[in-house]
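Each of the next two complexes has chain A plus one other chain: chain B in the first, chain C in the second.
After this line comes the complex of A and B, so read on.
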């Protein structure tokens, strides 16, 4: 049995000064119901993805807020760092394929901007190894800066080449009304921008923001009842790795991504070359480059060139992050995996407007937590 | 298809000054593997339940710590407040019944005692409604105190009668070597003990502690390969309610419990009277009394009498919390639901030693989050 996507909605990703968790949940959840002409009582279960509310908003049990706003009678919460949204979709797939639930909503939400910058830096560093990395002063950005530096040295890559990732993603976001930064940037603006942690510049990093995204899945036999063009979740894989970078076998190979991808490809019965487009985890530019390699799209050490050569552009042979990615869409942690799934759904349904990719048949989402301790890969088809 | 429990292990629940999250995970996880002669590579996926590590230990992605200690290649984390452990078991059931995974480990862990008392009170109050309850000074204990007071007034119940819950549970724990408080108490020691929030006394409340618990589930057709006496998960339900007490239809009826129980009974094709024993959520004495009523074991307003009359004693017609419950076992949030499942498994396998219940055929676990915004009911059979 397969699960099918029959409805979706998201809020704009930005600093929502006028909205809290409740309002974001209400907007994404109720619009997702409307998009498939469903009512709350039609949904068997809701899986809520959230990772920062206990730290930022003093609120756990965010699934109960969903009950308040949407009225769906049963729900659970998943907190798995940045991959929470993709992990929730994977759990919904299991639930539907078990035959025990027919229709499941997956909703990811974060309200991250209620803290000072120093506080949110501290909050997101819990994604690293607290005892061995954070204790010594590491932050998420400092660890990714180190990975970037190692990659640049090993494969002789210049900052200008790394900058191409953000330039492409911002260009794609121009036509995405839900993106936090829907405008173009150039290599110069990346390179000459403020430094975060050398060699990382501000424009190499995805930004903190608020937002919610929801999709509705059902078993494949019911899908055509709710939508003319269902999109099917044909494969899903999860992978784990050490939390601390110093424990990893190879700094520049995300073992979690490889494990997750292997399982997802196997389940979907496809090869990397069958993928028409992908939404990958570009929380920092280097993570998109490593993802392109570890997902099997380019050889190790050539991911930057694959992107630089335009192969991942909207008109390239394998468009990556047509939505704008985490960089230009913004990265409200647990909402990101679901936003990625929405982009793939829109592309496979020919609903992506000015950023529509021609003949998109198979789309992949790739999501990491922290510096890659957990990865989820979900594969969708028309 | 059904899921079967084929292995289990837990650490002692107590203040583990000499152990952190890693050591607790290692002990419970590796012993669970040993209990069913399995190796890490035999496990398809691990679902880690944890709710307080981001707040108490500065650590998210606790599933990645499990990868480090156990070596299981893929994993996700679930954070759903106090019900996390039971919710993780439910998710594992879906995963196995989907046919996409054969063997899944569920591991719950908390290291709660690394904070000052005032800090842990603040951390656990995130389970309430932050905007409408915590903002005004409410704590978990103060909300349960209010429920206790309302129940006592409405049904004319004395503190001595409420105290019977803790007296029974402590008596049961005497024979549980993993319990935090394996000793007897009497009604007098409850009533004359220190007050937490009138009418709640210290001995009406489960205590903060550290601990981990793990079970291994597989599809039913494989179960006899790993254990002579598998225990089957025959039904599971989830239910939601408003976070804030003031929004509830009825203070003394846990709607989440009723919704979850209805689904679980239906799936298991049984009635409440078919249940041989139950482990219910007695974070505060009143929550056990309400559970006994809302699970359909006693009529509304008579739960306290059902317990007072000895019907839920180890030798009664429906033993409840034979392990000692949350009160005497301790309540390391996300580990609790899994510890409950272990108790039911032991009882159904005739492995419960001095606290063994004769002819136990069907066992139920009931787990709440906060003051009942989420409930999970899991039903097991021989």
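After this line comes the complex of A and C, so read on.
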């Protein structure tokens, strides 16, 4: 049995100073119901993904807010960092394939911008090992900065080559009305732009923002009742690794990604070369480069070249982050994995407008928590 | 709760697996290599070299006054790696030899108390 995506919706990702968790949930959730002509009473269960509300908004039990705004009779919350959205989709697959539920809504929401700069840095650094990384002053960006430095030294990569990741993703976002930064940038603007934790520049990093995204999944046999062109979730894999970077076997190979990808490819019965497009976790440029390698699209140490040569452009052999990725769409943690699934769904249904990829048959989402302590890979087909 | 790890942090006490003799820092409850739970305390020398580093300009809450500061992954000469701050240096690079020293970690934060911890500086 397979699960099928029959509806989707998202809010714009940006700083929504005038909206709270309730408004974001209401907009994405109700529009997802509308998109599939479903009513709340048709949904058996709702899985809510959220990471930072207990700290940033003083709000736990976010699934209860979903009940208030959407009226779906039962719900649970899921939190495993910024991979939570993809984890919720995976749980929906289990629920549907076990026969327990027929129709499930998955909703990710995050309201991150109500804090001072150092408070946001502390909040996002909760994804790291608190006792052995953060206590000593480490931030999420500084850990990715150290990975970037190791990669650049080992494979002799220039900052200009790393910058290509952000340049491509911004270009793709131009036609995405939900993206936080729908405008083009160039290599110079990355290199000469403001510095953050060295050697990173501001434009090497995705920004925090507010937003919600929701999809509705159902049992395969019901899908055509709700949509002409269902998209099927044909594989899902999860992988774990040590929370702290210093405990990992190899800094430049994300074991969690490899474990997740292997499981997902096996279930979907496909090879990396069968993938038509992918949405990968580019919270920092280096994480897209490592993902391209660890997902099996390019050899270790050649991911940056694969991107630089245009192979991952919209018109390339394997478009990556056609939506604009985390970099240009913004990264409201738990909403990101669901936003990635929406992009793949739109592409496979030929609903992506000006950024439509021709003949897209199989799409993959890759989502991480922290510096890669958890990875989830979901694979969809038309 | 920072007091719970004072000894391990400030005296660099990690663990040694009594079965396969693998060393760990930070300390572990279970051996990563052979899965044994039979581990003893092991004191590290505090000498090592820089694996990677970053100068932090967007600090954590409570670290604003000492910004910019430098974080690094250091490989101890006994093998394990840890995440630490590097202090008292003019220039560092990947491979620079360093040694541990005890310093104030931060003076604000959730409890408002002074926290001490181990940092590293270029070796004499």
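We adopt the following convention: the second predicted complex is superposed on the first by the 382 of 382 C-alpha atoms of A that agree within 3 Å, B and C clash if a C-alpha of one lies under 4 Å from a C-alpha of the other, contacts with A are read in each partner's own complex, and residues count from 1 in each chain.
Following the convention adopted for this analysis, a contact is a pair of C-beta atoms (placed from the backbone, for glycine too) under 8 Å apart; a residue touches a chain by one contact, two chains touch by 3 or more.
Model, not experiment: these values are computed from the prediction.
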item	value
Chain B versus chain C as contact partner of A:72, first or second or both or neither	first
Touched partner set for A:174, first chain B, second chain C, both or neither	neither
Partner chain in contact with A:139 - chain B first, chain C second, else both or neither	second
First (chain B), second (chain C), both or neither touched by A:119	second
First (chain B), second (chain C), both or neither touched by A:40	neither
Chain B versus chain C as contact partner of A:196, first or second or both or neither	second
Chain B versus chain C as contact partner of A:246, first or second or both or neither	second
Contacts of A:61 with chain B and chain C, given as first, second, both or neither	first
Residue contacts with chain A in the superposition, chain B compared against chain C	B
Which of chain B and chain C A:100 touches, first, second, both or neither	first
Doubly contacted residues of chain A, that is, touched by chain B and again by chain C	125, 129, 131, 134, 247
Chain C - residues contacting chain A, complex	2, 5, 9, 26, 32, 51-64, 69, 71-73, 80-85, 94, 105-106, 115, 117, 119
Residue ranges of chain B in contact with chain A within the complex	1, 20, 22, 45-46, 51, 54-55, 57-61, 63-68, 72-81, 83, 87, 90-91, 93-101, 125-127, 129-131, 134, 236-243, 247, 259-260, 263, 267, 369-370, 373-374, 376
Contact set on chain A toward chain C in their complex	116-119, 121-122, 125, 129, 131-139, 141-143, 145-147, 149-150, 153, 195-200, 244-247, 251
